[in-house]
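Handing you this structure, nothing more for now.
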Amino acid sequence: MTPRVLKQGQFLIASLPDALTDSGWRGLRDLLMEQVGKHRSLGAVIDVSGMEVMDSYATRLLEGIARMLSLRGAACVVVGISPGVAFAMTRLGLRLSTADTALDLDDGLELLSRRVREKRPHVR
Amino acid sequence: MTPRVLKQGQFLIASLPDALTDSGWRGLRDLLMEQVGKHRSLGAVIDVSGMEVMDSYATRLLEGIARMLSLRGAACVVVGISPGVAFAMTRLGLRLSTADTALDLDDGLELLSRRVREKRPHVR
Amino acid sequence: MSADRVVVRHEADIISARQSARGLAATLGFSESDLILIATAISEVARNMVEYAHGGEIALRALQEGSRRGLEIVARDEGPGIADLQLAMQDGYSTGHSLGLGLPGARRLMDEFQIDSRLGAGTTVVMRKWVLG
Amino acid sequence: MSADRVVVRHEADIISARQSARGLAATLGFSESDLILIATAISEVARNMVEYAHGGEIALRALQEGSRRGLEIVARDEGPGIADLQLAMQDGYSTGHSLGLGLPGARRLMDEFQIDSRLGAGTTVVMRKWVLG
């Protein structure tokens, strides 16, 4: 039930479990911040496709992580929000304003590359 | 406790001390604006890694400097926000919207070079 | 199993409550999409119990009204209660550090929603959702 | 040193207050990350004193509750007071030229936050943070 963070080239990929407790979120945040510094990663994809629900609590913490990453110079894309979860989030009145979103991991990595290219044109 | 501004090629590098008073911020702003004009610098990296905290006051002044630089045609990148400071800024509700961010001085200078190349394709 | 009861005291209990509700709702024939709405609503209400009321209890019950089937969720706590219910039901109002969407959002997620609160005595939220015929 | 008192009148005093709090908090066993949160919160409150109340005084005190250790910050001024506390506690509300995140932000940085203000009499902010067990 703890999140995993993998390095893939210049990016990080975090896969979230079905549910995260407060300390799980804190662990994810600290791990991402640490790895971004260590690998000089230019961005992170956070895959929430395994998560049962995205309630207001999870959304707030996810936004916080995206904001922290951006202060360290790294872009952040959230992927894997299913249609059902997206519907529930919308009903709740939630949106992701800091983090970008993409359909899945592939799209997320592509979006990150594009973001980075925008920021640093010659980087592949 | 006064900020230093160094010229490095077409860029300026400002290193902030652990804390800045109002007059220190004003000094930094005036120094940067003066040096940008004098050296025709295309951008500035502001290194805040030495700063103890980035409160709402510091963030507002930093944003103001970035905005003034951009009006003079110079890009601005803030580097060196530590994980702990990024966490506190996020809790406060702060973000940097005008200034770009990068991990450290190296990344910041690289980002500036990209910015400049984007803007003026023929400049080396 | 057509009724269930979950004590919600710690953070991990929020997940248990969610999973119990999801399990019971699934047996009643709710769509996958509705299961997510129900799980999300219960998540919001359960978190409030942990956050603001030192915990409480959530009772789940299958409903049958003619041929209509549904799920009832009763979340009861003996916490401090809510001073101004109208304010608490507004989007964005929170006395904590959070988004203030829990109560108004849960109301939008479910078909029926009632909240009753007495200062010093506690808070009870009753929510119902019906299986789409 | 388990208590400290800092007069905050001029801008430079904000830095002293921050450093005193950081120093005392460090001896209590707060993590580096918590030290930054505490220093940031005190920075916001101290700046308000200088900006809006012609200065005031900040008292720092170590707390012990059973095995739990913490830090208490009491910031008291005899400035003009705050007319509408609810408004002042809202994100983005400022009567100055600033971001209006100081008070609500400080609340989010600390574990406990109380503010009391009387027009014409002054403002007192009490903040506490506990060392994570």
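Chains: A, B, C and D, in written order; residue numbering restarts at 1 for each.
The rule is simple: a residue touches a chain if its C-beta (ideal position, glycine included) is under 8 Å from a C-beta of that chain, and two chains touch if they have at least 3 such contacts.
Quantities reported herein were computed from a predicted structural model and do not represent experimental measurements.
Participant: Among the other chains, which touch subunit A and subunit D together?
Facilitator: B
Participant: From subunit C, which chain is the farthest off, judged by mean CA positions?
Facilitator: B
Participant: What's the distance between the Cα centroids of subunit C and subunit D, rounded to whole Å?
Facilitator: 36
Participant: Can you work out the whole-Å distance between the CA centroids of subunit A and subunit C?
Facilitator: Computed value for the inter-centroid distance: 28 Å.
Participant: From the mean C-alpha coordinate of subunit B to that of subunit C, what's the distance rounded to whole Å?
Facilitator: Centres of subunit B and subunit C (C-alpha means) sit 48 Å apart.
Participant: At which residue positions does subunit A touch at least two other chains?
Facilitator: Residue numbers touching two or more other chains: none in subunit A.
Participant: For subunit D, jot down the residues that touch at least 2 other chains.
Facilitator: 108, in rising order.
Participant: Going by the touch definition at the top, which pairs of chains touch each other?
Facilitator: A-B, A-C, B-D
Participant: State the interface residues of subunit A toward subunit B in the complex, per the touch definition above.
Facilitator: Listed in rising order, the residues of subunit A that touch subunit B are 29-30, 33-34, 36-37, 40, 64, 67-68, 70-74, 98, 119-123.
Participant: In their shared complex, at which residues does subunit D touch subunit B?
Facilitator: Residue list for subunit D touching subunit B: 11-12, 15, 18-19, 22, 32-33, 35-37, 39-40, 43-44, 47, 91, 98-99, 101-102, 104-106, 108-109.
Participant: Inside the complex, what are the residues of subunit B that reach subunit A?
Facilitator: Residues in contact with subunit A: 79, 81, 83, 85-87, 89-91, 95-96, 100-103, 107-108, 110-111, 114, 117-118.
Participant: Could you please specify the touching residues of subunit B with respect to subunit D in the complex?
Facilitator: 19, 21-22, 52-57, 59-60, 83-85, 87-89, 91-94
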